[in-house]
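Chain nomenclature is as follows: A, B and C, assigned in order of appearance, with residue numbering initiated at 1 for each chain independently.
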Amino acid sequence: MNNLERLRSENPLIVCYTNDVVKNFTANGLLSLGASPAMSEAPEEAEEFYKVASALVINIGTLTHDNEEGIMKIGRIANEQGTPIVFDPVAVGASSYRKQFCKRFLEQIEVSVIKGNASELLTLVDSQTTMKGTDSDSSLDAVEIARKAHKNLETAIVITGKEDVVAQNNQIVKLANGSPLLAKITGAGCLLGGVVASFLFRNTRPEIEQLIEAVSVYNIAAELAENKNHVHGPGSFLPELLDQMYQIDETTFEKYVHKVEV
Amino acid sequence: MNNLERLRSENPLIVCYTNDVVKNFTANGLLSLGASPAMSEAPEEAEEFYKVASALVINIGTLTHDNEEGIMKIGRIANEQGTPIVFDPVAVGASSYRKQFCKRFLEQIEVSVIKGNASELLTLVDSQTTMKGTDSDSSLDAVEIARKAHKNLETAIVITGKEDVVAQNNQIVKLANGSPLLAKITGAGCLLGGVVASFLFRNTRPEIEQLIEAVSVYNIAAELAENKNHVHGPGSFLPELLDQMYQIDETTFEKYVHKVEV
Amino acid sequence: MNNLERLRSENPLIVCYTNDVVKNFTANGLLSLGASPAMSEAPEEAEEFYKVASALVINIGTLTHDNEEGIMKIGRIANEQGTPIVFDPVAVGASSYRKQFCKRFLEQIEVSVIKGNASELLTLVDSQTTMKGTDSDSSLDAVEIARKAHKNLETAIVITGKEDVVAQNNQIVKLANGSPLLAKITGAGCLLGGVVASFLFRNTRPEIEQLIEAVSVYNIAAELAENKNHVHGPGSFLPELLDQMYQIDETTFEKYVHKVEV
């Protein structure tokens, strides 16, 4: 059985510690795809949830002083339980507060995948390498950032952008599906974090194929949604994206996937 | 005037202490139906709100240590004000943390309706009966669970599932409307809690007919939405569900309602 | 370049401290319009965000004891940074708790625009004038309330209702676009706060024309959405509203705007 079929048959439990803005959309997206989302945030119940969860998503979109320690705690519990973590360092470059938190988190917690855009990943890599001096990495492209992040942070990397880049097990693949309307709805990137988590099946060191399928299934659904006649903007795109995530099958994925190893 | 017409003419204020994932959808659902939702959570203003509110919904979907005491406090204030409470013990079986909280809540606070799925209600009944030894209740069906919960917890019970079961005043009724797509959007059960609250009209001991109409109006709206030609999945189902809740009238309810006393 | 074109070309960063119910919808609305929303709430990063932000929205929809001090703090930081604040005193009349908080906030923080319905603005004006004795202002109409609020609170005023009223620089304008369906979706007023903020361009004392265009662009989008054939209720109205906000241009605004100076 391939990954998408496995997802639909297992309905993996995906626990999401995510930001307030996107909880509803993330849950609806994962339900449409076939996963079983739980937006549990209490460290008090983390152990019981992570024992049976297929993966944990940690997204710092609405990080505040009050939830910092909770996030560290659930990260530690997931590590103890062997539950893979997908980490989404939302807007890490926008404040030194976020930068410091992400640095601390990644030093203490082992994550399986980091998903972000090029500038977020660049910030993480830079903060890791600060002690070696100042790199002028701003000229690097997404492939170079992915290569460096994969090496330095020792985890799978998904970089989103006009083209997406996936790095794992010393392989790097560029993916070219998607829709510009994804940038016009809030939480499109956050939902992708949950989609990636849905393809991990409790594997803390996923194959690159699992990541490619996750990113591409989502982006192809977006592509098909954008091309519908009745879609005229972000408002009509959003429900159609959910419908396409509900309907997409392995054949459609194979037909449309656009990947290039680099 | 029947209940749905009364709801539309009174626009009852429904205060919702509900989880972060579903606040928006709950509010939109109640507005579509004709109620007036307020997502107020501050105990500081609870008294003023509950004095004029038609009912209070308490949903523990995103229970955390930080909001436990707030929930107890607003429960007490609602009891003092005579405001009926609809209690939704989301995922109570998923962690002992939730189980203990619900036990404490139900011991100290009087609720008018408990709404949940069969396994949630079973967990509540079991935790109530633990001291009498271990019941092997897992084989019980929804009707039996409803009967037992109604007796032991001394409150109206709404059990959701493929068929729904309502128990009140020693009557039990099975309801058979609904749509499988309800399970594919997040918060469909949480919204039902709000819909039930909208039919209480400050009645702490509602008639079973009020509960039947609440559950059935919602489920018939879902049925009609699912059958629309343009509905192809959860994404297109969700807005159509709201439209149907906006449009449904007493005649449609009477025409489609499917209930059996047991 | 006029205001709407400027908005689309600059994609102004709008930081929103808003209530849990409407974060997602507010973000999607602002993205559809062409602004760049950030739902950052941590005072720790406020300075860095407000330095580059075009405006800050503060909405007290889900005010609790725990977030009071955070709101005061970010207000002060925005004032220090010269970032204009749009203040939305949601349901300020519904509890003395909210009333006291708003009074304290407006005494200590300088805001650029207050947006609310007539009863909210009336409550603010009354609480400001309490010491002069009890005014029987309940008979005042929206224009009178706007006039008084503009004078007493020394800030631009946007009053929403069947007709909207804008007061700034001692001018008052009545606006007559909009749709009754706006009252049937949650957060329609909250999103308008964000739309107003998107037209400020870091101007702490905006021209009345900026406010008129903000309110009218939003209301015309709602009007056009309501008139679509496939819109039958709040569910289908909501995505169409986002599409219309995405598509509306200056010509459409000029063609449909309905304003009267009073």
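Convention: a residue touches a chain if its C-beta (ideal position, glycine included) is under 8 Å from a C-beta of that chain, and two chains touch if they have at least 3 such contacts.
Each chain and its UniProt protein: A, B, C = Hydroxyethylthiazole kinase.
What you see is a predicted model; the values in this text were computed from it and never measured.
Visitor: Can you check whether chain B (Hydroxyethylthiazole kinase) and chain C (Hydroxyethylthiazole kinase) touch via the same residue numbers (shared by over half) or via different ones?
Guide: Different-residue interface.
Visitor: Using just the Cα atoms, superpose chain A (Hydroxyethylthiazole kinase) onto chain B (Hydroxyethylthiazole kinase) and tell me the rotation angle to the nearest 5°.
Guide: Rounded to 5 degrees, the superposing rotation is 120 degrees.
Visitor: Approximately how many whole Å separate the CA-defined centres of chain B (Hydroxyethylthiazole kinase) and chain C (Hydroxyethylthiazole kinase)?
Guide: 33
Visitor: Could you list the positions in chain A (Hydroxyethylthiazole kinase) whose residues touch two or more of the other chains?
Guide: Residues 20, 24, 66, 238-239 of chain A (Hydroxyethylthiazole kinase) touch two or more partner chains.
Visitor: Can you list the residues on chain C (Hydroxyethylthiazole kinase) that touch chain A (Hydroxyethylthiazole kinase) in the complex?
Guide: Per the stated touch rule, the residues are 20, 23-24, 27-28, 31-32, 37-45, 48-49, 66, 70, 238-247.
Visitor: Hey, which residues of chain B (Hydroxyethylthiazole kinase) end up touching chain A (Hydroxyethylthiazole kinase) in the complex?
Guide: 19-22, 24-25, 61-66, 91, 94-98, 183-187, 232-236, 238-239
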